[in-house]
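One structure is given below, encoded as structure tokens.
Per-chain numbering from 1; labels A, B and C assigned in written order.
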Amino acid sequence: MNDKEIYKQKKLFKYLLIHLAIITFVVICVYPLLRILSVSIRPGDKLISTDLSLIPAGATFAAYVRLLKETLFLRWLWNSLLITVATSFIGVSLASTAAYAFSRFKFGGKKGGMILLLSTQMIPAGMLILPLFLMIMKLGLMNTYLGMIIAYSVSSLPFSIWILKGYYDTIPRSLEEAALVDGTSQLGAFYRIILPLSTPALSIAFLFNFTTAWNEYLVARVVLFSSKQYTWTLGLFELQGQYITQWGMFAAGSMLVTIPVLMVFLYSSKWLISGLTLGSVKG
Amino acid sequence: MAEVRFSKVTKKFNENVILNGVDAEIRDHEFVVIVGPSGCGKTTLLRMLAGLEEITSGEIYIDNVLVNNMHPSKRQIAMVFQDYALYPHMTVAENMSFALRLRKAPKAEIDQRVTEAANILQLTKLLGRMPKQLSGGQRQRVAIGRAIVRKPKVFLFDEPLSNLDAKLREEMRVEIAKLYQRLNATIIYVTHDQVEAMTLAGRIVVMNRGIIQQVGSPIEVYRKPANLFVAGFIGSPTMNFISGRLSMADGKAVFQSEDLSIGVPGFVLHESEAVDGREVVLGVRPDDVLVGGKASEHCSEKLQAVLEVSELLGHRENLYLKIGQTRLVAMVEAFFNQAPGSAVPFCLNYTNMHFFDKITEKRIG
Amino acid sequence: MDILYSIYEVLWFALIVLTGIALIEGYFYYHFKFYDRRWFFPVALIGFPLAAVAFCRALGLAADPFRPLLWFLGSEALITLFFRHIVKGRNQLAYLLLAPAFIGLALLLVYPFIFEIYLSFHDLKLTTIMQWKNTGVLPFVGLRQYVNVFTTSPLSEVTFWALLGRTLWWTFINVFFHVTGGFALALLLNNSIRFKGFYRTLLVIPWAMPQVVAVLAMRGEFHSQYGFINIMLVKLAAAYPILASLGIGPVQWLSNYPLATCTLINIWLGIPFMMVVILGGLQSISSSYYDAADIDGASYLQKLRYITIPLIKPVLMPAVTLGTVWTFNNINVIYLVTGQSGGTEQADILVSALYKAAFTYNRYSYSAAFAIVIFAILFFISVFYLKSFDAAKEER
């Protein structure tokens, strides 16, 4: 063997090691998801087993059928969807205008406002659940969609404003000035020029609001108490908690909610992260 | 078409004075170029005229109507921005018709005006494209088209060519000149490039530090710069400046510096200005530093200089001369076959000598 | 029908929100427009508070109109004066654009916060809650709740100080492994290898999954009999008796080592975020630095020490700050693992104990005081963090 070959072999060895290391981590990351999948297609009599094979003998979709037929799973999904869409719309529309003011105007209290926004992020979410719960109770909105929407609607607002402001800042001002000369008002320029151009950032903010509310558990736990009003997080927790026989249905439900969320997340993660780092590095 | 009048226009940003009492009048059908170094306030002036910047004090009139507090769209102006500001989410046609659509103009009229403008600017084939799909020069033309479609009283151009590369810039310069002849509109054009100013303008407004330095036709500004700043700013390569003093001998004025002594003909300086011992700056354009054969043709008394470097530009050549401690640039026709270090006889073209008072920096002859 | 009704309910609410925003905007609009008219001050002072009280009565609030009227009168006077002498009609559009968001934040973030402070000085618990709901009156107890926080257990046995220590330990361990794990993975991924995008996608799955599903699934894997980990341990012990004789065998994770279980799960959950952030930082480092270092003869470790780490610090520091706050505040993992009836309190940290104190033990005022104390701790940690962050910035 000459030097070149030794070098080549060394390099090959190095790459092999890297791949091996990464694959180990990948397995650790993905395995629990695969296990849910495999549990969800286990036949009912073999739910409790120490079998580790991914595709069990006698695989069946019975758990999915039972989940949809015997539980309120669809209703839970619908509840979650309704609450989540409503909160996201409220959150994004409030954030889009506020971010515009922060991005384009100079006004007294601008810096203070931005700092206030950031400092709200320091209030532990868990801390506000109690007063929100008491407020919702006092307003008589326990166990309703409205109570949930109210509790969720501003939780992602500071972050959304931050992301949108960052995006607006990259749109040249001359576009709005051209629109002003062309005959729009300042608000018209926002509506006709800035908003259409910001669809990427708006959809990221929307997604962020959406996933936060969609995956929320702790507020739902205290506001909702009848299983008809449950969001899917509560429903799944209940399925998992009750009896070990529900394990298959829990797994099936998990798969049904996870797959769409996963797809949306993987699709948008790039922008989400750039938004996360952008905001923090700039500040 | 319309005239524009600035009256004592001032702009302050906090404590910084950007514009300090600008008075100017722009006549109907006139192509006025406002030129100055960056930060001189020229763009601010234009943006105040467009209504994009608040006016601290003073008045701006378009067609004798005070527009200080008028919304930009009501001023009947159109503006071409430095970065074109084409709406990225609209096609070329939509970009051009945006203002008309906002005004709810009838569709037939919108179509007719867009087609007309597209014909003028050869954009017909591009009407369906998005700005992203256009080259720099095409975007520039769309931006101009957007202005034409509106049939404004005044066209405002804010450094429209500065984002183009050198070759395109020359082409577009000619295009804009042609367009002006065709539209015969009032145009106010802001640039920092004095070549654009010289080639395009009917009248040039030279600005520096928020003050108008000189207003005049290109040839006036070039031949009779009102002060040291204008003299140095207009013309390339830059005018040579030599500090010195005037002295009177036998009723004739003589300019004396550390290294030079030059007789000044009577027609250059007014008699009242020719004061014995006055501190002045002599300005000579590089073209007027005559060297070699030309020197012997034109002048009787010749001076001696040493050639430091020569730069060949093709048809012309820049010579960097040194006389004692004084340095001069001369521009001659190619090829000046002399090695650096050699002695060069030269003289100054008396007809185009400029004298400025050293303290006031104003032109005295 | 149910579905139609639920849509109707939500749309109805959206309409209320829109009306609310319109009212707010109108209110501020008139303040901007007429702030300097002489007639405006008395008109606003009479008109708006009356309208507000009428509105509240229509909603069924404010049974006794006199006190709220005084409140509204006072705040209206303040607002009018504020507009007259400070805002003076400037930046109208900016404030109008900000108003809905900030009023939303004030009502649902700032007000609850203040309400929590109020609660912490009173006594709201299961026995007084009906009284409060009907009359809105609560007995004042001064600092007693705060004293209780430090002297009695928030739950049934664990003390505040034990919780604090556990929280700091939990935060440190988690953030430490998040950062080192994320860093290692990012370094591995930053090589030019095949399937990089594919690996990256799979590696973020724990972060991308709904947390409820992820935690519950992982919890299943720690089950003493059917969880993956114990199955593996049993198999290992069976295959290699030596290991069994060393004491390796199935572990009662959930009942004997709940905190360790939670920590393992949370580390698993948190590494992907750090990995992605660090990877982004690594990719933004220009390769010419590494080329220059190669020419200077730097080893791999030297390059890591003198180029990579200093250059990703500006990306890493905010991410670590965020990560610390998130971990400190993480109720989800611990509650989902131990929150069911009969769950242990061996794994609780401050925030999860807070949640349980409020909603499992229903000690509302107590947990309000507890929350304020936690907030103060977090506040000091954050200030300390930011200070050291600024110091690091100045070094550069």
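Rule of thumb we're sticking to: a contact is a pair of C-beta atoms (placed from the backbone, for glycine too) under 8 Å apart; a residue touches a chain by one contact, two chains touch by 3 or more.
This structure is a prediction, so every number in the text was calculated from the model and none was measured.
The chains that touch both chain A and chain B are none; no such chain exists. The interface carrying the most C-beta pairs in contact is the one between chains A-C.
Centre-to-centre separation between chain A and chain B, using Cα means, comes to 57 Å. Between the CA-based centres of chain B and chain C the separation comes to 59 Å, rounded to the whole angstrom. Centre-to-centre separation of chain A and chain C, using mean CA positions: 14 Å.
Touching of two or more other chains is recorded for no residue of chain A. Of all residues in chain A, those touching chain C in their complex are 15, 18-19, 21-23, 25-26, 28-33, 35-36, 39, 48-50, 52, 75, 78-79, 82, 86, 89-90, 94-95, 97-98, 100-102, 104-108, 110, 113, 117, 120-135, 137-138, 144-146, 149-151, 153-154, 157-158, 161, 186-187, 214-215, 217-218, 221-222, 233, 236-237, 240-241, 247, 250, 254, 257-258, 261-262, 265-266, 269, 273-274, 276-277, 280-281, 283. Interface residues of chain A facing chain B in the complex, by the touch rule stated above, are 172, 174-175, 177-185, 188, 193, 196-197. Within the complex formed with chain A, the chain C residues making contact are 2-3, 6-7, 9-10, 13-14, 17, 86-87, 90-91, 93-95, 97-98, 100-102, 104-105, 108-113, 115-116, 119, 124, 133, 185, 188-189, 191, 193, 199, 201-206, 208-214, 216-218, 220-221, 225-226, 228, 231, 234, 268, 272, 276-277, 280-281, 314-315, 318-319, 321-322, 325, 328-329, 331-332, 335-336, 340, 351-352, 354-355, 358-359, 364, 367-368, 371, 374-375, 378-379, 382.
Considering their complex, residues 47, 50-52, 71-73, 77-79, 81-83, 85, 87-89, 98-99, 102-103, 146, 150 of chain B touch chain A.
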